[in-house]
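We call the chains A, B, C and D, going by the order they appear; numbering starts again at 1 in every chain.
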Amino acid sequence: MKSTVKRLVSATAAAALSLGIAAGAQAASHSETFKIGVVTFLSGGAAESFGVPAWNGGKLLIDMLNKGELPAPYDQKGFGGLMIEAIEIDEAGGATKQVQEFRNLVQREKVDAVLGYVSSGDCLAVPPVAEELKAFLVLYDCGTPRVFEEGSYNYVFRTAAHAAMDNISLAKYMTSRGIKVGSFAGVNQDYAWGHDSWADFVASMGVLMPDAKATTSLFPKIFAGQYGTEISAVMREKPDLLHSSLWGGDLQAFMLQASARGIHKRMQIALAAGDHVIPQLGQKMPDGIILGARGMNGLAAHAKGGELVDLLWDRYKAEYGVFPVQAPFRMWQGLLGVKAAVEKAMKANGGKKPTAEQMAAAMKGLTWEAPSGTITMALGNGHQAIQPNAIGTTKWDEAAGEMTLVDVEYYDAECVNPPNGVKAVDWIKAGFPGAKCD
Amino acid sequence: MDLILVILVDGLIYGAWLFIVSVGLTLVFGVLGILNLAHGSLYAIGAYSTATAVGIYFAYGGDAFPLGSYAVMALAALLVAVVIAPLLERGLLRHFYHRDEVIGVLVTYGVFLILEDAIKLIWGVDPLFVYEPYDLLGMVEAGPLFYVAYDFLVIAVSAVAGFAVWYFLNRTRRGKVMLAVIHDREMSQTMGVNVDKVFLLAFGAGVFLAAFGGALTAPMISVSPGIGVNVIIVAFAVIIIGGLGSIEGAALGAVMVGISRAASVHLMPELELFIIYFVMAVVLIFRPEGIFVRTQTRKI
Amino acid sequence: MKALSDIRVASLLALALLIGGGLALPDWALFLMTIGLAKALVSLGIVVQMRAGLVSFGQGLFFCIGAYVAGLMANFAGLTDIFVLTGISVMACLAIGGIFGPLLANYRGIFFAMLSLSLSMILYGILSKMNSLGGTDGLNVAAPTFAGYAPEGRALSLSLYLYTSFIVVAIGAILRTGFDSQHGLVSLAVRSNELRVEYLGASVRRTNAINYVISAMLGGIGGVITGLAIGHVDPEYAYWTTSGEFVFVAILAGYLSIPAVFAASIILELVRSFSNLYFPNTWQMVLGVFLLVIILTLPNGLGSLFHRRREGGS
Amino acid sequence: MSTSASTGMPALETRGLMKSFGAVTAAHDITVSVPERAVWSLIGTNGAGKTTFVNMVTGYLHPDQGTILFQGQDITGLGPREVTRAGICRSFQIPQLCSELTVLENVLVALAIADPKPPSFFRKARESAAEDRAMEILKRFRIEEHRGRLMTELSAGVRKLLDIAMSMCGHPKVMLLDEPTSGVAAEEKFPIMDLVMEALAAENVTTLFVEHDMDIVTRYSDRVLAFYDGRIIADDAPDEVLNDPQVQRYVTGTAPAEASS
C-alpha cells in the first residue's frame, strides 16, 4: 500500500512541479518601444571574430539611432520614433537550442523582430519556425546559399549576400590582376562552410581560368588549431595559389604557423573572408595576401569612404580601440535594413507600430544604403540581399603603423551575385550568364 | 622516401603536442580515479596566462633577453597549478573520490562549464598573441620542407616532461608512494601514507601539465575562447588508446595517433576526421582496456 | 494484480495532469515541455543502464539516428505520419542497438562511457561529411501529421505535446513494470555485484545488452519527437555535449524514480532557457554551478526526494 | 541442472591441474576424485592453493594444464556462469552479496536467475510465489528476520549464511564452500555449519569446503585434502591426515594464525 501512495505522490508531484515551474515563469511587458531580439555568438569559437564585434557595432548603432545621431535618411529617432530595446541571446549551443530560444523570444518575450544568426545551421533551422509563428526574422550574417535556394518564406529575410559572392570575386580578382595560376590548393574547415567555399572557388576558377589545376584540398577539423601537417602537405605540393576560407582563431593560428614556415613566400595566398583577423594579427599578417571581407566591408569600405562609413568607423574606433571589420558592417546593414522596412511600413499604415506582415511587405525587394554600399533584396523573391564586394591585397603601411589594403577591386552586386531564381552553383558553372560588371 | 620522412616528422610534432596535452589527464586519472573533463579548460588557462605573462615580459624589457620568455612560460604554467590545483582538489574533487567514476566526469563537466565562462570574464573574448617565442629559434630545413625550430623544441620538451613524470613515479621515493596509492588506496592509508598530500600533489602535477601544454601551444595559435574544448576529445582518445592511467601508454598513443593522422593528411585527407577513432577502435579490439593497462584481479 | 493497478492509477493521473496542464500552458512553455519530455526519454534510457551500473556517454547516437531517420523519411519518402515515423525510427535503433549492444556489453565503467561516446562521435563525423544530407548544417523536417490530421500553429504544438505525453506515460508505465521485473532486479544485482550474478548463473553481458537495446529505442523515440518538434536535424544531435546533457539529467534524477527523470529534464530546459535570457554572457557558468550544487546536495538524485530505497521492511 | 540419478561416477574429478602466476606456482598437479554425496574439507596455510583450486573448479581461473570433469563431463575452460548452470555452485570467503539490495531481494535475484528461462522483463520479481519461496529459503537458514535489511546492517555470520543460501537456490549437485566460517564469531561457527550442512545433506549435495578450524574439519568432513605449496600432501580421513607428520609440520603445527589472504 505504501508503495502505491509513494508512486502516486511521486508521479503527480513531478508532473505538477514541472508544470508549475513552466507556468510560473512568465514575463511580458508592453510599452511603445520596438523590441528586437539579437542572437549572435557571445561565447565559443565564433564569438571573438563575428559575434562580439557585430554586437559591439550593434549596440553602438542602436544607441546612436535612439539618440537620432545618424544623417538622413536615418535621422528619425529609433525605428520611426519607437525607441529600440534589444534583448541579446548567445548563439552558442547548436540549432536545437536556437529554435527553442527563438520561440521563447517570440512567444515569451514578445519581441517585434529577431535579428541574428551567424551559423548557417541556425539560419536553416530557425526560418521554418519563424514562418510557423509568423514572426519577422532577419538573418544578418550567415553565408549558406541554401536558405532561400531550398526554401521560400514570407517572414524571413537575409540582409547579407550569401557566400558564393566571396569566392566568385576572389577568382575574378586573379584574372583581373593578371595573377598566374597554374595550380591551386585549398585548406578549408571540414564543415559545410569550408566545403561550399572550396566548391564555389573551384567552379569559378574552372570558368575563369580553365587551365588552372586544383591539386590538394585539405579539410582540417574546425577549431583544430594545429596546422603543421596541412602546411607540410601544401608545401610538398608546391601550388601557385593557396585558397582558404578559414576564419577566426583558426585563420589566425594558420597564418601564424604558415608564415613562420615561409609559405607566403612560395605561393600566393588568397583568403575568402580574411579581413577580420587583421586587427589582431597586425604585422603578423604578411604583405601580399589577397583577401576579401564578405562584402565591401572593413578596410575596403573605409578606403572608399562616405558619410555613413566615416561616422560609424570613427565612432567604433573611438569606442572599442580597433577598426570595425566585416561583422559590425553586416550588423549595421541588418539594423538599417530593419529600420528602413519599419519606417516604410509605418508610412503605409499611418504611423502605427507595424505588424510582422506589414514589415515583411515593406522589406520585400527593399533597397537601402548601408556603410557597406547599396543593399538590394534581389534574390529569393525579394528576401535575399545582394551587395557589392571588394577584394584587395595586404600591405603594411610603415609610416602609419597599420595594415592597409592596396590594389582593391570593387565588384558590383549584380556582377558577383546570380540573378533571382538561379542557384549560385548553377550560375557559376554556366559561366555567370547575365552578370552586370562594369 | 621524402614522403615517409615528412609524415614521420609531422606525426612526431603532432604526437609530441598530443602527449603534452594528455599526459596530465592520464596522471590524474591514474592517481585520483577522476577523468578530468576540465583538463581542456586548464589548458586554456595555461595558454591565456602565458600570453599575459610573456606579453608583460616583452613589454618590460624582455627584448634584451628574449630566451627568458621560455622560463616565463613555464612559470606561468606553474602559477596556474599553484593557484588552481588546491582550490579544485581540496575544495571540490575530494568530495567525490568514493563516488562513481562517472560522477567524477560529470563534476568536472560542471567545472568545465564554469571555467569556460570564467576565462571569458577574466580575459574577454579578444584573442591574445605571443608569437615571440615561436619565432625565436628560426627555421630548420628538413628534406624538401621548412619547419619552425620551435616545433622541435616542443618534441624535446614533451620528451623531457614525459621522462620526468616517469622518473618521478618509478625512481623517487615520493613517486613510489604515489604508485602505491594508485595500486591500493586503503592499504597505503593503513600504512601511514598521507593520501591527501599525494592526491594534491598528483592533481597539482596534472594541472601543471595541462597548463604547460597550453603554455607551449600559446605561441603558435591565437589564444581565444573555445581553444580548450577541442583538446579534451583528442586527449581522451589518446589516453584511452594508451590505457587509462598509463604514462607510457599516453606516449605511445600520442605517437600512434600523430603519425596516423599525418599519413592520412598526406595520403587520404578525407579520412582525417576519423583517423583518431579508427586507431582507437583497432587498439581496443585487440586490447580492450588500452595498450598499457594495470590489470586488477579481484579478490574473492 | 494490485501492483499493476497501482501503475495504472498513477499513469492515468499523470496523464490527466499532463493533458490538463498542457491545455493551460502558454505556447512557449508547451514547446519547452514537449522538448523536455522528449529528451527525458533519452535520459531514461541512460537510467535503464544506470540501474545495471553503466553510464553511456553516447546516447546522442540514438537520439541522432531517431531524428535523422524521421527527417530523411519525411524529406525523401514523403512520410509525415508521426506514428509511422516513430515506428520506423524505433526499428532502426533496435537494429543498430542490437549490433552495438552485445559488443559494448563487454565494457564497464569509464570504458563503456567513452566507447559509447566515440560511437556517437563517429556518427557525428559521418553526418558532418555527408553533404547530400546537409553536412554540418543538417536538414529541415516538415511538420508531422497525426493519422491524417495535419494541424498548424497552436494545434500542432498541442498535438505534439499530447502525443509526447501519451508516449511518456506509456513508456513510464512499461519501464516501471520492467524495473520491478526479474530482469529489473537482476539489473540492480549486476550494479551491486556482477561476479555474484555470474556465479548465480545469469549472463551479465546479456543483461547489459538488453538494457542497451532498450535505451537505444528510448533514444530513438526521443530523437524523433525532438526532430519533428524542432523541425530541424543536424549532426549536433550526436555531439558529445548533447550526450553529456542527457547524462546530466539522468544523474540529476537518479535511478530510483521514473517521474524524477521527466522533472529533471524539464528543470534543465528551464534553467538553461532562463539563464540564457538573464545571463547571456555567463549562462554556462550558471549551468555548471547548478550541476555541482545538485551533485553535492542530492547524491542519489532528485528521485531520492520522493522515492527512497527501503531500509528495514518494504 | 543434470537430473541423472547416482551413476557411480565421481561427482567431481580433476586431473593434473596446474596453475602458476608468474613465478609462483599455485597449483601443481592437483588430481582428485570426489564421489557423489561426499563431504570433503580442504586445509592448508594461506597461499597453499586451496582457493586457487576452488577458483579453477568454478571457472574463475582457467588451469594452465589439466582437466576438470563434472559427472564425467569435461568442464575445463568454462566460465563461472556455465559451471554454475552445469550444477557446481560455490560460496565465497568474502560473501558476494548485492549491497544495494535487501536480504529478501538478494534471494529473489538468486531465484529469478535459477529459473531455467532467462530473467523476464515482464514477469514481476516480487510476485507472491517467488516471495514465498524466498522466505522458505531464508527460514531454512534462520535469517528470515533480516529480510528487509541492507548488507551493511548484517553481521558476518548472517552474510555468510545469505551467501550460501543464494548459491543453494540453483539446486547444485556440487558445492564448494570457501572458508564458510572465517570472520565469524567463535560461538556462531558450529550453529552456522550445522545449518549449512543440514541443508546440503537434505539435497544430497556433494560438498567441498575450505577450512582452517580443525575442530570443524574433523566434525563435518569425511575426508581431508591437505594443501601445501600448490600440492596435495595428504588425502585421507580427518584423523589420519591430522596425525600425518608432514601435515603437522606444514599445515597445523607451525602454521601461523590465520589471516585473510
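Everything that follows uses one rule, which is that a residue touches a chain if its C-beta (ideal position, glycine included) is under 8 Å from a C-beta of that chain, and two chains touch if they have at least 3 such contacts.
The model shown is predicted, which means the values in this text are computed figures rather than measured ones.
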item: Topological distance between chain A and chain D, in contact steps; value: 2
item: Pair of chains ranked first by number of touching C-beta pairs; value: A-C
item: Central chain (distance from its CA mean to the mean of all protein CA atoms); value: C
item: Gap in Å, rounded to a whole number, between the CA centres of chain B and chain A; value: 35
item: Approximate Å spacing (C-alpha centroids) for the pair chain B, chain D; value: 49
item: Where chain C and chain D are represented by their mean Cα positions, the distance between them in whole Å; value: 43
item: Junction residues of chain A - those touching two or more other chains; value: 42-43, 190
item: Touching two or more other chains - residues of chain B; value: 116-117, 120, 270, 273, 300
item: Sites on chain D at which at least two other chains make contact; value: 96
item: Residues on chain B engaged by chain A in the complex (per definition of touch); value: 2-3, 6, 9-11, 13-14, 17, 116-117, 120, 125-127, 129, 131, 134-135, 139, 144-148, 150-151, 217, 220-222, 224-227, 229-230, 261-262, 265-266, 269-270, 272-273
item: Of chain B, residues touching chain C in the complex; value: 35, 92, 95-96, 99-103, 105-107, 109-114, 116-118, 120-121, 233, 236-237, 240, 244, 270, 273-274, 277, 280-281, 284, 288-289, 298, 300
item: Chain B contact footprint on chain C (complex, rising order); value: 55, 57, 106-107, 109-111, 113-115, 118, 121-122, 125, 128-129, 195, 240, 244, 247-248, 251, 281-285, 287-289, 291-292, 295-296, 299
item: Interface residues, chain C side, partner chain A - complex; value: 2-3, 6-7, 9-11, 13-14, 17-18, 21, 24-29, 31-33, 35-36, 128-129, 131, 134-138, 140, 143, 152-153, 156, 172, 176, 226, 230-232, 234, 236-237, 239, 242, 257-260, 262-263, 266-267, 269-270, 272-274, 276-277, 280-281, 283-284, 303, 306-307, 314
item: Complex interface listing, chain A residues touching chain B; value: 42-45, 47-48, 52, 190, 216-221, 223-226, 228-230, 232-233, 235-236, 248-249, 252-253, 256-257, 260-262, 277, 280-281, 284
